[in-house]
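Read from first to last, the chains carry the letters A, B, C and D; within each, the first residue is number 1.
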């Protein structure tokens, strides 16, 4: 069983206009920059993106948003040091936002992956973000009913992958990625190194290959934070 | 008839062999404890199948030699297994996320009864003993496709394929294919659809051993297995 | 922060009559035999036990049940090669059984640990085990509402622990243990080896120390399956 | 009054110092992004506190030297951190299981407003800009105890401690203690209970800067901090 593909372009080639995508990462860590840039190159649009943030600077998710490829963003924190790409489109009404508390976002994604259509959480009770959500009382306390989140595709950055798609992640670059790999119909992974099956110890696999569909090796991958500190842009030379 | 039937019907190993032929290369599969476990012995050459067990292993392999068991490596039937290259270990909630979340391609389970609407009864005979359910209800409601391997009739000669299950249900409308000791039968919108039967049995005979109508859509193939 | 205690007896000393206990393990793997035997020695009774099985033979959970210390068992599969201890008491009405599908049991324990009072699952819809449970439809399909499970104590077997309670588990002995560690008010761990803080790599911690309260080192721990193959009994020499 | 107030009120660092004194040895703590992060700088000697960040680290330590950052080791505020011995890494669902499941002992957060019933508003000023909530709503509904560090009044001199929040709520009845630039106040059944105040301010003056009644149960202690 070999899930590898030679290039990021081939890995993302089946993503179509109107798809829903989960993209791993939190702030400057864990974003699959090369996969996102390959996605930009395909020209797809009308995407719904599920990510914790709205990208920063002019690369990765921020570049995808800047190019008006995203019709809706589902996230917890679309503000940051440089989230102008999103802010401009949002204030001019060109992008929809579904704001979700961070823990609820993580749990909704896990629920999507785990076949749990809805669950109850105390998070958000009594707030604006509870609007339209069923409230139920358990043991004398109120909880909101929240629904699962699923996606057509997940774009994930791993540290090591084997050819069957078993994954490990580097430090806190793990964040949402193992959950998103579970919740997407097709999970596409860029791995810093690709190893033979059996090289990752069974007890140390973080995401089992059953959750992974395609793997491309991107050695020495870009780090969102590092690119932004260099004021990088994608495509290169882009001005806006 | 029972004696005659015993002579012509497939053995469990032969049923398992037939079921194994349908498992596609690259599938993630859960085999129920007991008889279904036998299917792994007949995996066709050149196909890679990755076996899942509820207690947190993906990619387990053959049983170890006697005396070589590692009792921290067991399957859901509590039998010792080994790990194939590429195996992974995880906790029970992640294991059932795989099941319930639709990540497994196939589960092959045993059955007490299967109804023509795909209902399955395989966890309780409704008696007074100690009830036990294990992961059966999770599997039938989560795995993409559920198949059954079973004798065509009970030890008493009663049909196990029925119009409506009389034993406690495991799941509703969940079974899509049944490999019996006499036939291969799909569960479709109109009910049981006969795909293959052993040559030694006529369609009428087979129908008489089946508790609901056997539909025939096209040619019924000959159910052939190695001796 | 040092969560270690010198003996199993001290580790279980605060468990009182009437407590609810989660006990890790699946079949012959992962059971914290030494902690269970220390618990038997305390004489506590009227316990509610949450475990996948009902114990086997005459040691561990089976011995606890045989001694009529358990008023209720919550489990998925109380049958096995030698579960006579449970069967005798069950058929004579001396022990209550709450039978829970295995995946639902795991998810209910996780929910208890994760602050999710209820969730929906397709498991069990239309069966006897759905009796009394609310049914709700999502996207045209029916699901059961299941409630969280919590416990006063969890008894857990780890392979390695550091003094802060970070844990790793050996192979499939992991099973329910990381979930139970989350869902119990007090989690008591027996570890095959106890190491200094920092010796378990941060990315390889399976159960973070925040979920662990007490750790006792039991090197060369007993394996339930091995004990049963020797027809061991606890207390030694016990006949029934 | 604003100029006079600025002279006597505590600095953010002093508020952070005071909050740090109450964090017990062995606590698991989440510090909100921005001002609350400063509390870690004032951890009293001899106490071990384990800090949690939403993005999947337990046991992070000081910021690394400039140029030594590992951008896969950041906190919820996206600042580079280091790992202390005994740290662990986990995914976001496990991270919020710690939060929502009541495993963290304390969260210390910033505030726009705190009401006398413990309601907190700290995520939105209700304006037209881009809204962002992060993990605040999860923290206030999950962590065992929620404290707030804040200036006693807004930049305009309006009370931040109020009868009822006018800004969008983060959570209901969740705050148990407030460390302000002038006082330490508990939220109890009867409302705000004054525990400590700076010597330079009378009770009447403090009440005039507070939007709801300050109850006094016993002696009010002097709020003393290092310079």
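We adopt the following convention: a contact is a pair of C-beta atoms (placed from the backbone, for glycine too) under 8 Å apart; a residue touches a chain by one contact, two chains touch by 3 or more.
Quick caveat: nothing in here was measured; it's all calculated off a predicted structure.
Identification of common neighbours of chain C and chain D yields A.
The chain pair with more C-beta contacts between its two chains, of A-B and B-C, is B-C. Mean C-alpha positions place chain A and chain B at a centre distance of 37 Å. Centre-to-centre separation of chain B and chain D, using mean CA positions: 57 Å.
Distance between chain B and chain C, defined via averaged C-alpha coordinates, is recorded as 30 Å.
Residues of chain C found to touch two or more other chains are 107, 110, 114-116, 121-122, 170-171, 174, 202-203.
Residues of chain D in contact with at least two other chains: 57, 89-90, 93, 96, 99-100, 142. Contacting chain pairs (ordered by label): A-B, A-C, A-D, B-C, C-D.
By the touch criterion stated above, chain B contacts chain A in their complex at residues 25-26, 28, 48, 50, 52, 57-59, 83, 85-90, 93-94, 96-104, 142.
Note for the complex: chain C touches chain A at residues 107, 111, 114-122, 136, 138-139, 141, 143, 147, 168-171, 174, 202-204. The residues of chain A lying in touch with chain D in their complex are 26-30, 52, 54, 76-81, 83, 86-87, 90-91, 97, 99-107, 109-110, 121-129, 170-179, 206, 223-226. Interface of chain D with chain A (complex): residues 53-57, 70-74, 78, 89-93, 95-96, 99-100, 124, 128-138, 141-142, 168-172.
Across the complex, chain B is touched by residues 1, 110, 112-116, 162, 164, 166, 182, 197-198, 202-203, 205, 208-211 of chain A.
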